[in-house]
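What follows is a group of structures, each given as structure tokens.
In the two assemblies presented below, chain A is common to both, partnered first by chain B and then by chain C.
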Partner chain A sequence: MANKGWDEFEIGAMLRSFEGPIKDIATTHQEDRAYSGNNSFTASVADWRIEKPVFNKDYCIDCQFCWIYCPDISIISRDKKMIGVDMDHCKGCGICVEVCPTNPKSLLMYSEQTDEEQALAAWPAKDTSKADSKGEE
Partner chain B sequence: MAFDKMELRDIEVWDGNFAAAQALRQCQIDVVAAYPITPSTPIVEGYAKFLADGYVEGEFVMVESEHAAMSGCIGAAAAGGRVATATSSQGFALMVETLYQASGMRLPIVLNVVNRALAAPLNVNGDHSDMYLGRDSGWIQLDAYNPQEAYDLNFIAFKVAEDHDVRLPCMVHQDGFMTSHTAQGVKTLTDDQGYGFVGEFQPMNDMLDLDHPVTHGVQTEEDWHFEHKARQHRDLMLNVTPKIQAAFDAFEKLSGRKYNMVEKYEMEDADVAVVCMGTSVETAREVALEMRKEGIKAGVVGIRVYRPFPFMEIADALKNVKAIGALDRSSPNGAAGMLFNELAGALFNTDTKALLSGYVYGLGGRDLTKAHLRDLYKELQSNVDAGKVTTQLQQFIGVRGPKLAFL
Partner chain C sequence: MSEMKKIKNLKEFSTSADRFEGANLLCPGCAHSIIVREVLNATNDDLILSASTGCLEVCTAVYPYTSWDASWIHIGFENGSTAVAGAESMYKALKTKGRLKQPDRKPKFVSFAGDGASYDIGFQWISGCMERGHTMMHVVLDNEVYANTGGQRSSSTPIGSSATTSPAGRKSYGEKKNKKDMVSIMASHGIPYAAQVSPNKWKDMVKKIQHGLSVEGPSFINAISACTTEWKFDPKDTMAITDLATDSLVFPLYEIIDGHELNITYRPKNIVPVEEYLAAQGRFKHLFKDEYKYLIKEWQERVDAKWAQLQRREEARV
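Right after this comes the complex of A and B.
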């Protein structure tokens, strides 16, 4: 793409999101869409990230808060079930962790280099002090 | 479509503004986003009234500035509409940032520019400062010398701009007040003739084509920007001129009125020629005839297509003259005038031995009188007789105080 000459692209500072026409795009999962090479979906921005979210499905209640709040559509959810994080597009902002309502949280931020298995093995226990003080449980 | 047609007489008495507004009505503009400024306001007012009275099916968007006006036009054009607006002077200056967006995004917007001086000092009258300000913006620029041409050139502007081999925005210039507010007889097209000439708008990569989503106005850095600009310049240099000529030919067939890239007047055997734009062309034509009665073979070359500049056509028009006066109605502010420079560039590598001198005139609506032009033609003739330019290369015409001349 970067090597194209002046006569090899469509005029108008214009880029197509998809190859060819689209139908029912809203009901088509991202992995099934014919994104064009110019679409940001085909580009990885993983190297922008300093910290990454790690997902622990043992505590997730599939509330979809993280899916709604993620500013980069990087939470992968299917049939209202949280599956994981799209690590090609997640920029590590931590909003998903902030909005996660479980105790302990089902998403936590770790440094980019942290081994995921180790993080899951050392996941914090339920914080009983907060729940007791608010009388929620 | 749900709008009424308007019965027009064969010849209506219109000023340049109303003529342009009528053309916008007949072209059935989908969106006009506009902000008022003297002397162009009656064009968009006219469109708004036609819309309110049910003579157009479209949208009038009132915005907070000329920057927003052109931005609204850009959005509407990218969405896939036929779009136009009008402005002058300070408004044009405020629009400049978005003019480059419109042309780079290849959106066929038509902008009526009613030429007016640029402050300071503040001035509402006609000169070509705003027109000159737009000359590197990537737009096509057509220049009308009277209300008839302001009317006709709007149809030609849409026809050329919207062509898929062009897809570039187009300005139609007319002189503030001298054309915009001077009522003259204007030969009309019927609504069907006018709309038939421009035809149905043919969208291209429009954002409202929901089956083919596109992003308009993307960012490119050193990797791609140059290719886009090169492509735009190439299309201006190679694609636009043949399309303008085709539109001129088709329009002549429709109306009997003939337009040319450069408008030659009494140039077949001319020794001395004045090159100018706007209303001055008509004055110069009158004076040229008078000079011929006195034995000076005078001619006039008017620039009709200002951008893309008719480099070859103007060199051809001037190839046999002996002296040329280039008349710039904009202060060059530290350089030779634009027309002086463009003519010098067009003629330098030709066989011409013509003597070229430049004149700055008419700033802020100062009249260019027939007496000025008579003196100018005589001066050009004395250059011919002397075999050299007898004055300095740049002179000011009609300014009070000691004579100003440079270079």
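Right after this comes the complex of A and C.
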């Protein structure tokens, strides 16, 4: 159905999210789902980004704030651990960086062209200037 | 109340498999999808969903894509709630006749709508659903403006906000009418559950969603959805603005059970002045001119009065 033109599309037709039977979608993670070509998961909005988040797992405490507040389901968390960022669906809004409570932050925004290895190598050190303000609860 | 998914902390919550997909066309930093994710992840039951016309609908069903991994329907601007109510009635009828193929699976019926589709255009339809007592939930994604069509005022737009049909300028300070108190109106139907939620207080939100989904009868949820485009702030500040809204009590979090039992569910430790909430958004920029400064004072008085009223209602249980 994904390849049909607008005039071939039947009135009242349904867009199927999945190919084949899915027993319990609420307990099936994305990697185990058989997405159909009509699911927006198969599309990409990566070209919307001006800045991309880079994830440094050395400082991550798996608080999952970035997971809950990500509007684009782009923070991948499995087994209570934050694994990484889904770069096909991330629009680069930067909410994950804002809500990250660690010091230094374990997610930072870099321009789209920045090399990830370089960004990780030059990660900022712990900020001691405002030690007793936010994120120390 | 039926058995609900157990969510003790955020780590446990993060094991949920999302039923809402990325590469939808909502703006970067849009709070709509944060709210939708928190609602859908609050339950593992099957879902029957609808969305009324609005940002959420146009951005999640762009031909040939769908972003919904559950049954989802869109009909018109006004009747998202009644579409779901109809499905619920059919479910009940088939259940009574014993014609359900999987009678052990108990789907939840949820309709999503923006503030335009709830406060204005779909008002009568939602009122009908609440009055007829369908077991469904209506979630309002309240961004206080018709964001989908270019920022026209809705009856949820607060005083002083500059919208495209109530612009601020030399002669006007923008919107002149105050926001409609939708939660009280809906609670007055005597429905089992009505609540205000905010995506930044996820635990409070999940608790309320689960309460709403587990009661017999309709429930109404009003969720604040900060709009980066129309409220005019940087996409990364969505959660910061939402924090300001709840901490300044501009958007108090409370629930009303059976139309009379009001509980305040979030009391900020440090109440932030309303001025800070207004200053963070471009739509209130003009209020900081000398001639409109009095409006900020009025805002604070209005918010304080509402908070006092809520506390009195909580105490009196009326």
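Definition applied: the second predicted complex is superposed on the first by the 119 of 137 C-alpha atoms of A that agree within 3 Å, B and C clash if a C-alpha of one lies under 4 Å from a C-alpha of the other, contacts with A are read in each partner's own complex, and residues count from 1 in each chain.
What we mean here is this: a residue touches a chain if its C-beta (ideal position, glycine included) is under 8 Å from a C-beta of that chain, and two chains touch if they have at least 3 such contacts.
Computed from a prediction, not measured in an experiment: that's the story for all the values here.
Look at A:A121: by the touch rule set out above, it reaches neither chain B nor chain C. Of the two partner chains, chain C is the only one touched by A:W48; chain B is not. Once the two complexes are laid over each other on the shared chain, residue contacts for A:H29 go to chain C alone; chain B is not touched. In the superposed model, C is the one of chain B and chain C that contacts more residues of chain A. In the superposed pair of complexes, A:P21 makes contact with chain B only, with no contact to chain C. When both complexes are overlaid on chain A, the residue A:W6 reaches chain B and chain C alike.
Overlap of the chain B and chain C interfaces on chain A comprises residues 2, 4, 6, 9, 15, 17-18, 25. Contact residues on chain B toward chain A in their complex (touch as defined above): 104-107, 167, 204-205, 211-218, 220, 223-224, 226-228, 230-232, 234-235. Note for the complex: chain A touches chain B at residues 2, 4-7, 9-18, 21-23, 25. On chain A, the positions that touch chain C within their shared complex are 1-2, 4, 6, 9, 15, 17-18, 24-30, 33, 37-45, 48, 62-65, 67-74, 77-80, 86, 88-95, 97-99, 109.
Taken in their complex, chain C has these residues touching chain A: 10-34, 37-38, 43-46, 60-70, 199-200, 202, 228, 234-240.
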